[in-house]
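Dropping the structure in here first, questions after.
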Amino acid sequence: MRQPSNSQMQKPEDDLFSYHFSQPGTIPGTIRVKPDAAQSEIALIDYNANQAVRLTHLTLEDCAAYLDTESVSWVDVSGLGSQEVLQQLRKIFQLHPLVLEDIINVPQRPKVEDYEDRLLIITQMVVLKEEGEGFWLEQVSLVLGQHYLLTVQEEPTRDTFEPVRDRIRNNRGTIRQRGVDYLAYALWDTIIDGYFLALEAYGERLEALENEVAIRPTKQTLTKIYQIRRELLALRRAIWPQRDAINTIIRDECSLVSKDVRIYLRDCYDHAVQIIDVIETYRELASGLMDVYLSAVGNKMNEVMKLLTVISTIFIPLTFVAGIYGMNFNPDVSPFNMPELNWYWGYPLFGRLRSRSHLV
Amino acid sequence: MRQPSNSQMQKPEDDLFSYHFSQPGTIPGTIRVKPDAAQSEIALIDYNANQAVRLTHLTLEDCAAYLDTESVSWVDVSGLGSQEVLQQLRKIFQLHPLVLEDIINVPQRPKVEDYEDRLLIITQMVVLKEEGEGFWLEQVSLVLGQHYLLTVQEEPTRDTFEPVRDRIRNNRGTIRQRGVDYLAYALWDTIIDGYFLALEAYGERLEALENEVAIRPTKQTLTKIYQIRRELLALRRAIWPQRDAINTIIRDECSLVSKDVRIYLRDCYDHAVQIIDVIETYRELASGLMDVYLSAVGNKMNEVMKLLTVISTIFIPLTFVAGIYGMNFNPDVSPFNMPELNWYWGYPLFGRLRSRSHLV
Amino acid sequence: MRQPSNSQMQKPEDDLFSYHFSQPGTIPGTIRVKPDAAQSEIALIDYNANQAVRLTHLTLEDCAAYLDTESVSWVDVSGLGSQEVLQQLRKIFQLHPLVLEDIINVPQRPKVEDYEDRLLIITQMVVLKEEGEGFWLEQVSLVLGQHYLLTVQEEPTRDTFEPVRDRIRNNRGTIRQRGVDYLAYALWDTIIDGYFLALEAYGERLEALENEVAIRPTKQTLTKIYQIRRELLALRRAIWPQRDAINTIIRDECSLVSKDVRIYLRDCYDHAVQIIDVIETYRELASGLMDVYLSAVGNKMNEVMKLLTVISTIFIPLTFVAGIYGMNFNPDVSPFNMPELNWYWGYPLFGRLRSRSHLV
Amino acid sequence: MRQPSNSQMQKPEDDLFSYHFSQPGTIPGTIRVKPDAAQSEIALIDYNANQAVRLTHLTLEDCAAYLDTESVSWVDVSGLGSQEVLQQLRKIFQLHPLVLEDIINVPQRPKVEDYEDRLLIITQMVVLKEEGEGFWLEQVSLVLGQHYLLTVQEEPTRDTFEPVRDRIRNNRGTIRQRGVDYLAYALWDTIIDGYFLALEAYGERLEALENEVAIRPTKQTLTKIYQIRRELLALRRAIWPQRDAINTIIRDECSLVSKDVRIYLRDCYDHAVQIIDVIETYRELASGLMDVYLSAVGNKMNEVMKLLTVISTIFIPLTFVAGIYGMNFNPDVSPFNMPELNWYWGYPLFGRLRSRSHLV
Amino acid sequence: MRQPSNSQMQKPEDDLFSYHFSQPGTIPGTIRVKPDAAQSEIALIDYNANQAVRLTHLTLEDCAAYLDTESVSWVDVSGLGSQEVLQQLRKIFQLHPLVLEDIINVPQRPKVEDYEDRLLIITQMVVLKEEGEGFWLEQVSLVLGQHYLLTVQEEPTRDTFEPVRDRIRNNRGTIRQRGVDYLAYALWDTIIDGYFLALEAYGERLEALENEVAIRPTKQTLTKIYQIRRELLALRRAIWPQRDAINTIIRDECSLVSKDVRIYLRDCYDHAVQIIDVIETYRELASGLMDVYLSAVGNKMNEVMKLLTVISTIFIPLTFVAGIYGMNFNPDVSPFNMPELNWYWGYPLFGRLRSRSHLV
């Protein structure tokens, strides 16, 4: 859609509400490589309590050897642009065609699917834009196996997992002592906590709008409120099903996730609940602000109208009286024809008339 | 209902909210053939992994021989205008009168009904209009038996199943290796995915409206928003019960649907959930846009009123002063009667008076 | 409540929201015969597969002999005005005092109550008014026993069961081959389908209002929308608990209703769901229309104000200028006192001034 | 809060939304006697099928002897102002401190609490004001034991149980043949039915407002709607938890309530549901009325503005033209200076000019 | 965010909607000591039925000896500013890292977590501001063990537990005879009851606003309503999850809480329900007030416009007529040029014209 250059509303090319769909009737499991998708990059981190190695620029075949060893193997595929790499995913990890479809045809709605010997987790990651306001939503898919974790991201450059890699590399915390389910938790926790970062900005924007509405509401104010509501709606859409997904894992006692890690996921669940809580609160505040704004607009109009009415009520009758004495009835032909024009006290009397009408 | 020719709102003859009902007291199972319904056409596709045949221009009796064979038999009846064909349906497929009623007296609300040896699925298909905006909703009824699938459509010409037929014909994907339950899934999946096609247009229309509201809202803007809300409401009404219906099959572990196909239906269910999610999001955006629109209207009025008030506040008092000096009080008879009219500096002094009142 | 004769809103004496209540502290089971209630009329239809008889103008004692025979006995009592008849009801049918109270002290909220050897069903029937728009809601109570069905209606003249009687009389459909539970279903189904008849009018009224709002909204438009919402609210109140009641019978597998008839009730349930669905849809449409209406009113005001402002902005300053040159400053006493009044080109110059101010 | 004497909104000293709370940290079970509470009065009714006695002006110790006899003993304490009486309650009836607190520190939220050998029921009674509109909400607490019922009311003078006492005294209905659980039911039923009395007024007030809004809306109209919504809100708050409380007794099959009485409570439950239903309906109607009112206000403004615009559009341009010909340009010095002032047909031509501008 | 000095809306630095979050990817269990947090103070109260001691200015190591004795030990840590104290907490009480995180990284959402040998309770305490309106929300965390209770508060100076300490010190009530679970209940009850104190102010503020809206609505009125809604929203957010938390303990029959204390918690639960009930009621009232306010603003504008229209409708036509007779058409050159200016009755006739136009 073309947009005029003097657009007052920021162009919503942010794709916050995009969704994937295939042509009806497509064979289920058909994957679609978008022409502008980034080339796929593959990285492998393999670690246990004693050591950790990180390999990049390798192929999925290279990874295959690591998958069934006791050590934790984290295969990270970033970028959905390489048809052959994506096709290999299916073979190496023996994925159900529908799983592959969910991983590659992004964005999908977050969910958990239990295939007994593996667990598919679809999540949405919030990535703040560097240049200022706004954010991207990016799908991160996790396939959790017995000894490996496969993560698939949309963009190699927007990764937010560096702190986790750092914990593995430098053996910080207990991550190296724990299994692959803890790694999955750690990554998901990182994704969830990213929403707090995004929400922070909205608290401040709402506060600024509270003042703007109270002191000097402008035409743009409501558009700003609409923008905030729109973006909060996008965040809510992304986090809500993730909350349900975490809960599914905790409640269904999925065999691939140990009881110990479920306690950590409970913490992660609490965070998701808190994020939803904050979003709903902000939405209510935004909604309340809009009411205040609309009333402020109404009040401003009231004041303008009052001024107009005061001016008109005073001067329109006076102008009429002045108009009367500007009439050219000939006072000479009749004593009725405004003899006061020739009175000695005529003008002063008119002045008294004027001041009396002021009282009216 | 007659409509004037200069209607500003597109005539809602789209029947998006129509529903079927019989006269109260009618014998249950009574079917009603609409006079303008299309003639029924019958097509049969019979296939297994090795071969596939398609027969058209045949009668239901011709089909009967195929129904109990091991191969998958798909009987498609399009058009609800032929009384005798519809009556035969009951006999050939041994349908409960209420099933026949649901199939023929369209539109019914989507649902699943389990009659043990067969499964009735009522769905609503979205068919985009060729000439541009808008869509039809058409009922497609599926009766799933042990080895056959009966589909009944309203219109022969609006079929959207061609991609599935193509997959059978050319043995693409795994459809030929699978049973009749997979066929039912494949068709329903095609129907569900059709909603994404319809939704695509609304994303664009909303984006266009976002700009229209922000830059140059017109009288038609709100009518457009109302139209969008109205059509989204129709889509929601059609998809919501289908989601429940799919869930019923997955959850109740209906014996005619294999565990394997249930995994595919879970995917289909996810699509339905995503469609509902998109519809709700669009509805919220439309709702927010309306608020912005109403405020834009209020702001425009505010500006118009301000201009009026500024003009009036400046000129009405001035006109009064000019009116005073236009009065015909005779300055000759009295020193009070506006002697300034005869002053040397009278008019310049009036000028100063005017500029002072400007400051007011 | 007295109402002025020039009422613009149709007098809501339709009693759509009336409800029955006894004085607090009344003995439970106390029945109240309204003074204006119609005299009770009793009719009996007794049938089996071979024969059917209809008796009218008989007493409840006359009916007693039929109740325990194998044939289906339908006792219909219409009119709640005969104290002695109503008291007999209790004795002949051995009703719990609370059942009698629910049957006679109308209107009650629809419900099902299972007394093991009999089933009480309270329903609300929609009866369209003959003279045009609008409808009555009438309570129909059904008491289902082993071999008999007792129905109690408010008014003898508003019965809608004729089609069912006709099916019994002429042995149409399977009703004569079936038990008393099927008869109860057939009557309830007739009552439920009556709501579709009532809803039909609202679809058309809403469509008419869509055009009215878009083309020439008047002061009455919103009142009409309010009326529609009000009446839909009444319908919703009546149908919603009936849906729950049907569901109770299906789900609780009440012993007096055979499995076979439960399949028919499932159809009846579907109808109730569809009716609720249509009502909710219409309510949303009415709600959306109101928004469009309010915005149309706002837009009309905007246009009026713009016209006023354009006229005022052009002519008020001009009038001021004309007023200046109408002042009587004496050009003779001073070269400053508007010498242009005596210029050769004075008036044409004023004309240029006027056209320049047009540009402003 | 002080209120000006010319208050337009009735002073909300009705306490409809009051609630009890203790200072944080108070010992649980601490009771608070309000200084303005009425003195406690004690009455005992003891009855069985054969006889009934009523004793007043007795002490709680006097009652103790009756409590464990087979006959039904109803101890009624009215007025919460006598510290020593209230303290005795605990001893005589062996109440848990929290029960005593709930009984005396009114108002509490209605609820049922099962202490195995006794049942605590907190209810809210509606008492209509004698002087006209409005009502009080009063807590009535019931403690149901094996053979006794203790009722505690806030005010001796607002009792609504006289009809039940009359039924006991005169052996009307079956109350004398039944146990103490039936008595509890009879009292609660009386309380619930009191809500119907209160609701009756609102149906009429809403109907009156429907006409007021349609014919001559005033500034007070919305305040009246607000009042109705406010009072309905208070009623809803009081009845809603009572519905849940009744349901708890029916569903949990509390041992102190016989199966027979549970059937009666089911009737009582139906009444509570109907009351909630009516309240919600009235709230929706009130809400719809407010929309109509606001639109009526908007329409009135529209009309006023149209009149202003018509007047201004006609006369402001005319006044300007008249102003032109009132200018004092000297027609003598130039043929351009309004020679039409001296034309023979000048004034009639001005008349045509005027009528042409009418067409504009 | 900077705020102008003439802010009309009180600066929302109350932090009612703040929430804690860690940088994404932080090791779970990482605690964050805020630089401006108060120094931690430790107090120990150890009591049984016979004696009670209170120790302050001690270290957590000093407390360790008391924890496993039979007597009840209450360790209270106030202030979250001392890193070493907080680290010791983990060691002394053997807390799970996630528990420590929840306790120290405030504010968290209220919840209960059962770790079998201990129970974590996160609550939010309302502390009224001394200087007048408004309140703080402060997290109080309780860790309930077999014989000890650990409480952690944010601020040493805002403690509201003094009444409970007093009951222990002076052996008032039964607290000294009971276990540590009763102590936990007593503290939580104190916290919950604190909400009633906060709510009291809102009842009064709403009542004041009801009058303000009805009598003299100002520009600030809506801002005040918005403030009330905003603060009620904060209270609701804090109490709602606490209600769920209490219910979890009662329902799950947590082993650390005796059956006896669960009865007291049921009372506490009732209070929480009542608080939520009051908050929702106040929110509805505030919402209704806003509608009345907006309508009052509309009505005021209507009146202003009516005055303007009346004045204009009377005087603008009159001024035009006066303007006509102020025109300088020369009556000498033509009988058509306003001969009435020279009529004997000219001016009186103009007077009649004026009075007739009044009637218009």
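Chains here go by letter, A, B, C, D and E, matching the order in which they are written, and residues are numbered from 1 within each.
Convention: contacts are C-beta pairs under 8 Å (C-beta built on N, C-alpha and C of every residue); 3 or more make two chains touch, one makes a residue touch a chain.
Just so we're clear, the structure is a prediction, and the values are computed from it rather than from any experiment.
Computed from the mean C-alpha positions, the centre of subunit A lies at a distance of 42 Å from the centre of subunit C.
For the pair subunit A and subunit B, the distance between mean C-alpha positions equals 26 Å. Listed for subunit C are residues 294, 298, 301, 305, 308, 312, 316, 319, 323, 326-328, 338, each touching two or more other chains. Taken as a contact graph, the chains are arranged in a single closed ring, with each chain touching exactly two others. Beginning the circuit at subunit C and passing next to subunit D, one meets the chains round the ring in the sequence C, D, E, A, B.
Across the complex, subunit C meets subunit B through its residues 160-164, 166-167, 172-173, 175, 186, 189-191, 193-194, 196-197, 203-204, 207-208, 210-211, 214-215, 263-264, 266-267, 270-271, 273-274, 277-278, 281-282, 284-285, 288-289, 291-292, 294-296, 298-299, 301-302, 305-306, 308-309, 312-313, 316-317, 319-320, 323-324, 326-330, 333-334, 336-338.
Residues of subunit C touching subunit D in their complex: 1, 3-4, 6-9, 12, 17-19, 21-29, 96, 98, 101-102, 108-109, 111, 113, 219, 222-223, 226, 229-230, 233, 237, 290, 293-294, 297-298, 300-301, 304-305, 307-308, 311-312, 315-316, 318-319, 322-323, 325-328, 338, 340-348, 350.
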